[in-house]
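Next come two complexes built around subunit A: one with subunit B, the other with subunit C.
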Partner chain A sequence: MTKPDLKDDSNDERSKGTADGGRLPRLRKRFDYHRLGLYAVLLGIVAFYLAPIEAGLVTSLKTRTGVIETLPMSPPIYGEFSTASWIAAFDTLSRGLLNSALYAVPATVISAFIGSVAAYGLTQANWKRRYKATFLALFVAGIFIPYQAVLVPVTRFWSNYAQIEGLLTPLWLLGVDRDYTDLVELMITSIAYGIPICTILFRSYYKNMNIEMIEAARLDGASLRRIYRRIVLPLSTPMFAVVLIYQFTQIWNDLLFALVLIQSTSSDAAPAVLILSGLGVSQEGMNFSLQMAGALITALPTIAVYVMFSEEFSEGLAT
Partner chain B sequence: MRDIFARRKSDDESTDRSDETRADGGVARAGREKPGVVGRTRRALDRRFGEDFVESAPFWFPAFLLMALFVYGAILWNLVISLTDYEGFGLAGPDYSNLDFEMYVRAFNDSNVINASINTFVLVIGFTLTTLVVGLLLALLVDRGIRFENTFRTIYLLPMSLSFVVTAQFWLWMYNYDNGVVNIVLGTIGLGPIDWLGNQSIVLWAVIFALTWQFSGYAMVVYLAGLRAIPDDNYEAAMVDGASTVKMYWRVIIPQLKGATISASVVLMVFALKAFDFLYALVSGYRPPAGTDILATLMVREAYQNTNWAYGSTIAIILFVMALLIIGPYLIYQFRRDNL
Partner chain C sequence: MAELELDSITKVFHDGDEEIVAVDDVSLTIEDGEFLVVVGPSGCGKSTTLRMVAGLESITSGAIRLGDDVINDVKSQDRDIAMVFQSYALYPHMTVQENMSFGLEESTGLSDDEIGARVEETASTMGIGDLLERRPDELSGGQQQRVALGRSIVRDPEVFLMDEPLSNLDAKLRAQMRTELQRLQEELDVTTMYVTHDQTEAMTMGDRIAILNEGELQQISSPLECYHAPANRFVADFIGEPGMNFFDVDREGDELVSELFTYPLSDWMVDDLGDTSELVFGIRPEDVSLVDVASAEHDFEAVVEVVEPMGDENTVHLHFAGHPDSSIVASVGGLQNVSQGEELAAHIPEEAIHLFDRQTGKVLHNRRLDSEEAVDATL
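Right after this comes the complex of A and B.
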């Protein structure tokens, strides 16, 4: 009760100070109650969205008895605070984090680049509408395909038809474990399935680009390749940020392809999400503290990227 | 994927114009090219598909080829595998000489498949509707000219940046019977405890709730973009007419969000079809909690745990057809609206 009163008083004072006179303070008062309600609701929703993450964070910092005896969302009290779960989770996951980065970063960059080039080609070509529409429809449908529909062929392809282990001999000679064949397969697969979304994102950007400069360059006799390198690519920087961020989170977070291509969590090449999916489950029951620490460690790179570039991320979603 | 193809008017016009003046363009081009088979084929292709078809090919063709092989080639291959009897370990591979619809007959008589189809349907519809409603409400709240709008938006969208595997771990703990946040909060108002993940009749709704938490921020972003595209005078006109706030949104604003709703629902539905990662991570295994088995999990389990490859491919085709039923009308809608 006291809080709104306080706020009203201060407001009355402020409005008395102005020369507006009698009618306004009353209006303003009602208005402020609305605003107050609005912010209360917004903050309540913030609590809802952060609750699972907050509960995970405090739980990851508790001892096993602390997890059972204290409330899940209350911070660890003295004596039940422990970083053991974080250390254990990091020990298990560090290999996976490195592997995830090893395939997610190149896959992101390559698929973004291929998408950009393809979208440029599509934008430049003055095709007849029905062919272009069919073509684009194939790309859009490619974004939405449930990957289950290609899973068995992709597994067969990599295990029986495209045996790339021999091609990577220089790596094995350098002492890299042969398990990493799977990681290369996973990277190429991620690139291939990332192309549709990257192409469509870049296309939505290029078709709104100022084409006068490009047309002028074409009249001067510049080749398509030159125009791409000199004009389009430099202008694409903002969209590259969007696509790289979106695609990185997608690839880093994806479990399905990792599960069927890497096969085992104990593989040297297992990515972080794969190891996380089996973490903390043992015969003595679940170790939630360890699970939460693992979940947060795995999520850290994407959360960091997201918090730093939230504008680009939501742009990638909204287009 | 809102307005992916919302092209500018001038773009359309230039395309139309190029169709009319195509012959001229062809002649001008022919002057530059060396005559011969290559040049003639090239001109023929350009005439058939449109100006610059060949010159731009090096740019789009590699991407197209990779996608055609990995997406459409693989789906065709999957279709063929689903017609074989391929199963078991070993490198022998499917026997392509004997194709029949045996696996489809088996699937349509399999109570697991029927169950999983029903669950998939409930998940897709339930999840999409709740997420759209929550997302719309968030967008309306955020759009009221608040302070710290960016901060609020960032927080609401945060779960979207997390992996399904990560959110599954969080919600496993939230739904824990003895110590989970959900049961403790409910306990303070005298409800529960409820065995969210163990009770077959509610577990699917618990999953939908968790997924809504993760994706409503996405719906909010799409709706916000839609709201921002509505001219201010629409609000003002409604206010001048004396409509109440609720009435204004219901009668004037929300009907204009049809496009945003359609694009958001397509994306959300397809997300729901793919909810495999979440369900797998909930149990760290191929068999999700009883009552949540969807086609996506059933397919992977049949193929990769039971090594019934052909049968798994069959279920994958059923799932693919379901996805097509969503994507197909969406593509036609976009084409009709000249967005494709």
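Right after this comes the complex of A and C.
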């Protein structure tokens, strides 16, 4: 049954090709060159971006001699393949990964939520436009504050003005190490510095929301808070995906605040990035294999978050 | 249900240092259960007026009363007013059922069962009973419109506000919804304020119509009174399609003189005019009749420029003989044969003319209607 069909199709195509005369094949040829060039460039770009990751991956799977004796990008040869670096890296980093998650997850969620509420206030709530503009200017300025400029003020703030160790006494009584004060400080700092960008991202989204819909809800008897809770928040899911992914990546990867706020790499509360920065460094020289394995392990959660929210993410970017 | 009173309300917007008066000292009363249509060209302040009643826009001065209470400072959510928006403004993440329950949940203390029952009852009267589980994006424009109406009806509010609710529908559906809305309003007997720029909606739907221009109330009366007895030139021009013909004329004794024609007046007419001599002469197209030869004093020679056959009637564009730049429009029966270039005479009966003060635009004389009783009956 299928065979005659196939034959018919090929006949049709051939007859089409001849019917179109000599112009079409020429066009098709030029088209092909164009395509070829395009694919070559695209492949080049893919190779360019993937090369470091590939090098990292193969290096992490080599023994120390393997790293020294082969090219960074060549796969491990027989006898020099080893997963020891991955196991070692995971052992060293697991404490840090947990610490990172402990502060990055709440910091992401809280800064996104505060950003959303602030943006709601800046767009849909009914107050003087002049004041709105002032607050908006402050938020925008907040985005552009370079982290380097606030390192000293932030450390002094936490060490001199806001000593929160005492406030957390219940935690210490539960047996939590006092080093975790630093982690709480790091979380609050990350939230504070994440709010401006979250607010601006949500603001552009809320500005495009149907104003008549909000007004309809007001006339339906809903208060400002209820409108946020029942109308605006449920409709913000795509933007939350964008903001959560962005914020999580930022906070998880941020080394600068971790460096100044956490006492040392050996601290109980050290996040993954901090431990990673000292990983594989010893007097016998650098253990590249261990470093690469550690870097890949540390990057995994951010990739996982992208995968989890990818659908909402693309929807949010499109709006 | 209650009477809604707008007492000289004014709205001024500030644009930098500039002051824009959107609504200027508008006073009107909508009786309990009355259907008032507010009509005017875009930018005339009709939507702003409606939004002030809804509490979505602050009031610069004046008072809005619902029943006996001034509601100027009552928040929108506490006004017990329902509004239907042009964009329908349905909540896209909720089903029809949830859209309709939302207002009851937020503004009343009814139990879930009572809310469910009321929603179902309203949905079935609106003919959307089988759509309750759908979301707005799965509905057609007409169905969304019904849901938007149902959402406001289910709350059983004191006042309905409607902001051009039919303008996103196609012509046929619009005509159908127009009738249905009227029927619903009559059935529910709720005070309704309906804003539109569409004069067909204004003429056919309202108990009375209020015509706004540049923020000022021009006239408020029954549709037919606005049509036959406009208060000023703006109303005469705005109501009616094709629009009234206007000519600048000067009164000299008992004649109206323009460069196009000289129109003799009877004595009963002269009395209405007082001593104003700069006038605007108005005549509706359907009052102009076309005759073969100018035989009476109110017949004027004219040449046919364009004929627009509508089936039931022909809209004929003419110019006065010898004045190719002039223009007058006549609506004649669909069976009367008129062709382009034809030379004939336009008869402008004296009973049908309107005269306006050229300076103020105010009407000095409106057309006579055949029998005053007939007018009373229709008004």
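The rule is short, and it goes like this: the second predicted complex is superposed on the first by the 275 of 319 C-alpha atoms of A that agree within 3 Å, B and C clash if a C-alpha of one lies under 4 Å from a C-alpha of the other, contacts with A are read in each partner's own complex, and residues count from 1 in each chain.
Criterion: a contact is a pair of C-beta atoms (placed from the backbone, for glycine too) under 8 Å apart; a residue touches a chain by one contact, two chains touch by 3 or more.
Remember, predicted model here, so these are calculated numbers, not experimental data.
Looking at the shared chain after the overlay, A:Gly56 reaches subunit B, while subunit C stays out of its contact range.
Applying the stated contact rule after C-alpha superposition, one finds that A:Glu212 touches subunit C and leaves subunit B untouched. In the superposition on chain A, A:Ser82 contacts neither subunit B nor subunit C. In the superposition on chain A, the chain among subunit B and subunit C reaching more residues of subunit A is B.
When the two complexes are overlaid on their common chain A, residue A:Leu235 makes contact with subunit C while staying clear of subunit B. Applying the stated contact rule after C-alpha superposition, one finds that A:Thr108 touches neither subunit B nor subunit C. Only residues 38-39, 41-42, 45-46, 48-53, 55-56, 59, 67-68, 71-73, 114-115, 117-122, 124-129, 131-133, 135-154, 156-157, 159-160, 189, 191-193, 195-196, 199-200, 203-204, 207-208, 224-225, 228, 249, 252-256, 259-260, 273, 276-281, 286, 288, 291-292, 294-296, 298-299, 302-303, 305-307, 310-311, 313-314, 317-319 of subunit A touch subunit B when the two sit together in their complex. By the touch criterion stated above, subunit A contacts subunit C in their complex at residues 210, 212-213, 215-223, 226, 230-231, 234-235.
Contact residues of subunit B toward subunit A in the complex are 1-8, 11, 14-15, 18-19, 49-53, 55-64, 66-75, 77-78, 81, 91, 93, 138, 141-142, 144, 146, 150, 152-174, 176, 178-181, 184, 213, 217-218, 221-222, 224-225, 266-267, 270, 273-274, 276-277, 280-281, 284, 295-296, 299-300, 303-304, 309, 312-313, 315-317, 319-320, 323, 326-327, 331, 334-335, 340. Taken in their complex, subunit C has these residues touching subunit A: 54-56, 75-79, 81-83, 85-87, 89-93, 102-103, 106-108, 151, 155.
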